[in-house]
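Shared between the two complexes below is subunit A, which pairs with subunit B and subunit C, respectively.
Coming up: the complex of A and B.
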């Protein structure tokens, strides 16, 4: 079994928001999130856009805004991942592939940016590595001296991917790498992620694109109203969805155009509706009294994790 | 640098300048003609003269000729480089201008430089430490200075540093009783410091506030977040990504502030009796020195235009997003 890289346990990220007057609201964006990533594994966190998934990436890298509140524990290769360790690892063993070209300094040449902040002595060596990695991703020498605005969409994507790989990271966090790209570029990007995993890098893919997640990920964590409600294997998304356990995951699967294209009524609870019970209660087809009383815990079922009071019943296919 | 587009830019600016100067001279000439200024009266001053002599003077200067003739005469002379003779200094206008403009340029340039550098530094410090006491101190300083009138600040400084403390002379460009040619560098510098500081104080406030806001904005941009995610931090992060992205807009603002600089100089020179172009402008206006006033209007137009043109050029030829974008067309 390959080594476990990152273990995130019961992470919650919240913000304090000032309402009218002196009223303070606590905004829970991510609640009680648990997941782990091993070497050579791609784990997708799948949630709707604007649901705060990116904050998970920022939390792991230690770049949350100062008004954010992070609780829970994280471990990196068995070591507690505190702010000090985060600062040491980011840009080195842990690398981020950002969403878009907007994450590049508009006034800095690509090569200088990719190399990053370093001393004059290191520069030459790093420049050589940068050229080598860029070459591997089909980025010609001219790209080095370009500015971000001169890159085409596909080029920008390859620049971001290869920039992340310059430091030879063990863990790569890809934050929404596919939106706004054409079919071919999406395929290419996903191939890059697969390639990284084949090179024994752990990949955390944060996305709202279920097709991308299904295509490339080994495990998929389904994000609903700030909660992870199921961590399934991507091989479970098959047939009639009978291997999926949580009713939301099933509904999601059936909503896909290539399946039944079936819509489930209702919407996700918003962040400011403080939940006291199962986040899926209102839309669930099989709620019980207990579901309206407590928020279910994320429990292990086999090699999967489910957040549902009736997980065992669902699992045995009683419904 | 792309010489072809630079040439195009410069010739375009030159045409604009000529049009602007023509428009400004026409309008100011018309305004002065409509105003109750009487050049003959101001020439005569307190001396008592007979009505015949007045009539002779009026005929000599063409006071009663139609405005078109006057305008054509004046413009014709301008084209030969003849700005006329100053009525109050009794020397060719161009001599007054060159002497006064030099004195003013030293004053304006030194305060422009001081305010630019200090303002930028303050702005960066405040922006970097947003919300801390440094930020608050810079903001309070800026608000007070932006709210206070220039001449009032000039008077306060004059009272404190020249009158009470006696560190600097109270005014004038050279010590009393000394010929301008005999003034030493330090005597000259001594008289420059206080006016220059006064003029800088105001410029500092504007550029500091602008730099601070710009830096705060830049620091909340995605690329700063990504740079942090890649392990950059502290002063190096600010230097590599923050300053890089705010220096050009800040420089542009500083060049665009030439008009305020000039306006401030008029007031400051008045308070410190500094023999610059601003003081000459006030004197020419108060004492109906028409040729001098018109020449000052034209030269200050040229001065402000240069500032704006430099600001434009910075954007067109330094910012890679515009520079490279144009040359790749």
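Coming up: the complex of A and C.
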């Protein structure tokens, strides 16, 4: 059995914003999120852009802005993951593959910024490791002395991936690694993630691209209005979607152009609409009274997790 | 009506190579045509040329007439991938929506735009909600052609279906010609009558 790396339990992230005048608004971006990642496993967090899923990455790394409020608990290999531990682990055992090439320093040579700050003695050894990892990702020696503007999009992507791997991390967080790339580069990026998982690294893939998630992830956590409403296995997204449980997950599966392109009416609640009941209530075809009274908890069903009062009925296909 | 791009060529001033060379493309009223290409292949550049936002060699002709007049409503409207970048952050959504035409009430409802969203600022709505506004804003009765440049790429699959149902329905009702630009071949196959590949019509 592979070791559990990260365990996130009931995390909520909210922001305090100033409205008109001195009125403060609280914005719940992530609510009651529970998730775990083991070694060699790829877990995708799937949500529409702007849904705040990147903040999960920032929460794990301890780089949330000061007006953000984080509650709930996180454990890393059994140890409570507090701010001190986060600062110790980030860039070392936990690495981030950032969203875009804009995260590179335009004025530093590639190899210098990949190695980062170190003493003269360490430099040679680090340089050798950097060269080795870069080689593995098809980056030739010339790249070391280049500046970011000299890289093509695909090369830059490989630089970000291999830089994240320099510290030999156990957990990699990939924040939207695919948008703006063509099919070939997407495939390449996803292959890199697979390669990491095969080397026993745990990968948290944050994405809005369901095709990318389905192709590479083992588990997919589906975000809806700040709530994870289902954590399903990628292999459940098959056939007529009969293995999927939550009605939104089913709608999502059937809406794919390669499936039925089926229309589902309605929209997600806005971030600042404080919900007192099931976030999917207004769109659900089978709501009950209880669905309008409380927010359902994320419960375990078999090897999956579902946030639905009627999960068991949905599961047995009663509807 | 027919929108034609004839012998379109484009290169960046800093480059020696043409991004687009001697390209010909046409779009008829009520036709839904897909355009597929890799990123960086010049899809968005071509969109901007056809909509008259970018100068190029060659000619863009609408119904046999070369577009020359400025400051009149452009019958070729362009919708972008990122709606949030096309909206004034200091305008409320109701002002954003009515920027180009006096949108009627029924249509707002049909688009699933909630009354309460109209008093919101752009940064308070998600990409899917903003894109509904962007599409509706572009659908003035004077719009004859609509160029959709990856308009649902950043959206979830459910919202993607909603947006395309609306766009194709209205395009059919009003005989609007639609150019659907996307890298998603399944999507293009799903909604278009005809698909063209940029690399096949580009002679660079």
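Everything that follows uses one rule, which is that the second predicted complex is superposed on the first by the 319 of 319 C-alpha atoms of A that agree within 3 Å, B and C clash if a C-alpha of one lies under 4 Å from a C-alpha of the other, contacts with A are read in each partner's own complex, and residues count from 1 in each chain.
In this section, a contact is a pair of C-beta atoms (placed from the backbone, for glycine too) under 8 Å apart; a residue touches a chain by one contact, two chains touch by 3 or more.
Model, not experiment: these values are computed from the prediction.
When the shared chain is aligned, subunit C comes close enough to touch A:208, but subunit B does not.
Looking at the shared chain after the overlay, A:277 reaches neither subunit B nor subunit C. When both complexes are overlaid on chain A, the residue A:87 reaches subunit B alone and has no touch with subunit C. Contacts of A:15 after superposition on the shared chain: neither subunit B nor subunit C is touched.
Contact with subunit B, but none with subunit C, is seen for A:95 once the two complexes are overlaid on the shared chain.
In the superposition on chain A, A:251 contacts subunit C only, with no contact to subunit B.
By the document's definition of touching, of the two partners only subunit B reaches A:149; subunit C does not. Put simply, more of the residues of subunit A are touched by C, taking subunit B and subunit C as the two choices.
Per the touch definition, subunit A reaches subunit C in the complex via residues 47-51, 153, 179-185, 208, 210, 248, 251-252, 255-258, 261-268, 270-272. On the side of subunit B, the complex with subunit A involves touching residues 221-223, 225-233, 236-237, 240-241, 244-245, 319-321, 324-325, 328. Contacts from subunit A toward subunit B in the complex involve residues 58, 61, 63, 87, 90-92, 95-96, 98-100, 102-108, 116-117, 147, 149-150, 163. Contact residues of subunit C toward subunit A in the complex are 38-41, 112, 114, 124-129, 153-162, 164-165, 183-184, 186-187, 189-190.
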